[in-house]
């Protein structure tokens, strides 16, 4: 194709997006669009998969059968989200194995929040309430993103995530209304997860890259800082409702902005964790890589069996 | 309180409880996303069944016992599950072999329990049997895949089958409670399930190019609460929250 | 009750408690009879120390708390041990590296604690230091053997040192309690032990043909009760009997 | 040597034993004496090592610090006994590695009692009280056995074992005098360990092999049935003292024999366990073989290091 032809295609492509048409796997797309989508969708998929670990950590110790069932279902949903999202990536011509390889080698990122440990039962509440809450704020706009398979996956993901978020909040509410020791447990979890949850919404706009292009492609529709503000404004009243205190002495309602002012985020901690030096980065990778390597013989066997079966069916 | 019926229900439900707990340990650590989802799902089904059974047991007990008390506040000697289901997740072959060896039994058992004169039990069985027939399909598929997969997987699966075989006979061992419940038309006569069980298991092993073990030495004790040393550790986790924070709601 | 002193003692003793528990997991499973005996012996020493500390703490508490209540009936967030000692027995290299990285600190710490104006603490330190100097000799010998042994052992030991390095800095992190106790002449100023520690550790690693890690990223939190996910499981076992059978004598 | 010379040596040898002289490693001895001793001493050593496992099982869960310390010390002593006994075997020209190989391959036996699981804390009491009690009855006569290194090892072993036995009894006493749930736990442990402990003293005399020769060499000084009777007569009053019931409806004081009559032992169970089909045979071997195999690289490294060090010292 001549340069001009390509330019032409690109213009048509951008015009389609501007008209809110969906891009589908078989459509022409710029290489950068493809790459950016693979990066973002796989990062999202990896986050779902790694995110199974901190919650999986409490399955065997859940305090009641009801909670155990709900937690199992939640973690299973996360695996399911991983599955859709990897499939969505595959529509762009990259295999799940390649993506795993990127995760395991540390080349691909996943949400840093999952590098914090879940050390009490209340963390199951806090993760659902805050982490899924922040995730939804990130993800709801993606239900209208330009790439069809991603947008459709996100519709399903968001529906389930908001169920998880309510479930997490309900755990916290139960604790906050429970015995003093339960209330302490809930407050402690909020104290530990609050700031990392704010960090989840990404670096401040000044530090953020890729934003402009992503806005155009509807991969991003609001700035990190706007999303963070939205999260805070939504979450503070929920904490108040159940009588828990947000661990930020600078938090204050700003009448003029009709929004909360809040204290400074420890970005050093954020970058430490992003760079691989958070409390659980190593453990999370060890668990993922370990499962993958230990599972190799199983996957090989499944493949060999499928081939044998196919061969038999032919004859 | 109908002591026999209460104990009979516990005997059934404890198998699902302990097997569900074992599978729950694996969530997030499976050999592939698909198996991870499936195992988590089986665990979920099993705990769902446990809830039905223990809610019924709590009603029969008629005191302030809840499903959680029954699940998590008994002593190690009071769990009635068969030894098979408490065996550890040594590797995926063991996990699938354990599942398969239990599922074949479980399916046959529920088919009979559907005929119970106890309408609650028959209704629970009716609900569970759909799930368990899926479990059995899943686990027997994996017996085939691993048995007739690679040399390595075949060796591992054969080792798992051989290792777990010793725990199969207990499934058909009748306790005094079982006998009483059979007499009342409530319980299943497990001794009658034995032949079909071994026939079905052997058939799948055959198809999977695996040997059916010939050993005639078997272990039992679980139904009387005499477990392997593995169960104690499983219970430390299962019971942790209820023991540490007693009398609270979650 | 002298709150600070009580907490200070727990901060010291919890390290021995959790490390002793980790070593106790290995009894009967060591790579040789001699190492099995040695690790069991170190565990034994550590639990002996724990008893001295907690008996003293119980006296300070002055209520009906016993050494066992203090050891086994706290919540997960109330254990004050450093993250280093709760790390799992991944393999014998990890076990020895963890031991060595703690022993070098422990020895230096006790040498200072001997000078405490609190006579009970100084007496305990005096008793423990002999044991700990044996521990340090044992673990540093194994750093040498594995570091300068075979290629495989060197790689494993280097991996263990690299993996655990991130937990060393916390040893020298001062809590508010620590500061208060230093001011009173009771506690040890751990910040002053840091240079000697890294010098000693590097010297042994050098001798062992191992690299001293250069990473400057460290983890902390244990002293404030924010632990790794490993601790929770350790506690389920440690606390099992006391939680399951409360208020009994053994 | 001529046959006559050998016969002569053998006669002198038997005469020495008859005079209660000790045979020492460098002394001449018949091959059968050597082999029999290796078999018995190594079997004893293996029992100590395998015996660490059922008790090691409760170290992390011991109910009090005092009990945890005592249990650690006890298991450590068992490892120590293993060490002396393997050393005693080595004086007869067999290496520890060879003996391990025999254990791991299933060629060598160890005491069957350790193939029962320890499933409650009370089992720590029952094992100390009954199993060590039966062991002492087996072993005390061996303090005067003919082979010097074995006799000396047994003196030390028996001293420690009787301490362990008292400690086990004290655990049981505490439980029996404790709350109802503790008393039940103690009774349950006695119920489960009683019969296997009786079996520990070996098959009935009718079924027992090697006995005559062993008697002559003072490797055995009383028949299995006599030892069993001694154990029962000693233990029944101890159980009565702490208010526990021996689980044998046929147990009855026989005024005439001045001894207890007792019920029939389930020898089928005994042989099942001996043949490798007890509740924990596989687990015990898995643990031992696992530790040995996983420890190989460690032992190799220690050897390599020692060689390097020696080489360096030479230069």
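Labels for the chains are A, B, C and D, by order of writing; each one numbers its residues from 1.
We adopt the following convention: a residue touches a chain if its C-beta (ideal position, glycine included) is under 8 Å from a C-beta of that chain, and two chains touch if they have at least 3 such contacts.
Computed from a prediction, not measured in an experiment: that's the story for all the values here.
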Chain separated most widely from chain C, comparing mean CA positions: B
A-C or A-B - the one linked by more C-beta pairs in contact: A-B
Gap in Å, rounded to a whole number, between the CA centres of chain D and chain C: 35
Mean-CA-position distance for chain D and chain A (Å): 58
Shared-contact residues (touching 2 or more other chains) in chain B: 75, 236-237, 240
Multi-chain contact sites of chain A, meaning residues that touch two or more partners: 61, 181
Set of all touching chain pairs, with the criterion as stated earlier: A-B, A-C, B-C, B-D, C-D
In the complex, chain C residues that touch chain D: 21, 24-25, 27-37, 40-41, 43-44, 47-48, 50-51, 54, 67-68, 71, 91-92, 144-146, 148-150, 152-153, 156, 234, 237-238, 240-242, 245, 248-250
Chain B residues touching chain C - in the complex, by the definition given at the top: 75, 233, 235-237, 239-240, 243-244
Chain D residues touching chain C - in the complex, by the definition given at the top: 49, 52-53, 56, 59-69, 72-73, 75-76, 79-80, 82-83, 86, 96, 121, 171, 174-175, 178-179, 181-182, 287, 290-292, 294-305, 308
Chain D partner contacts - residues on chain B that touch it in the complex: 75-77, 163, 166, 215, 217, 219, 221, 226-229, 231-232, 236
Chain A residues within the chain C interface of the complex: 54, 57, 61, 117-120, 181, 188, 192, 272, 275, 277, 279-280, 282-283
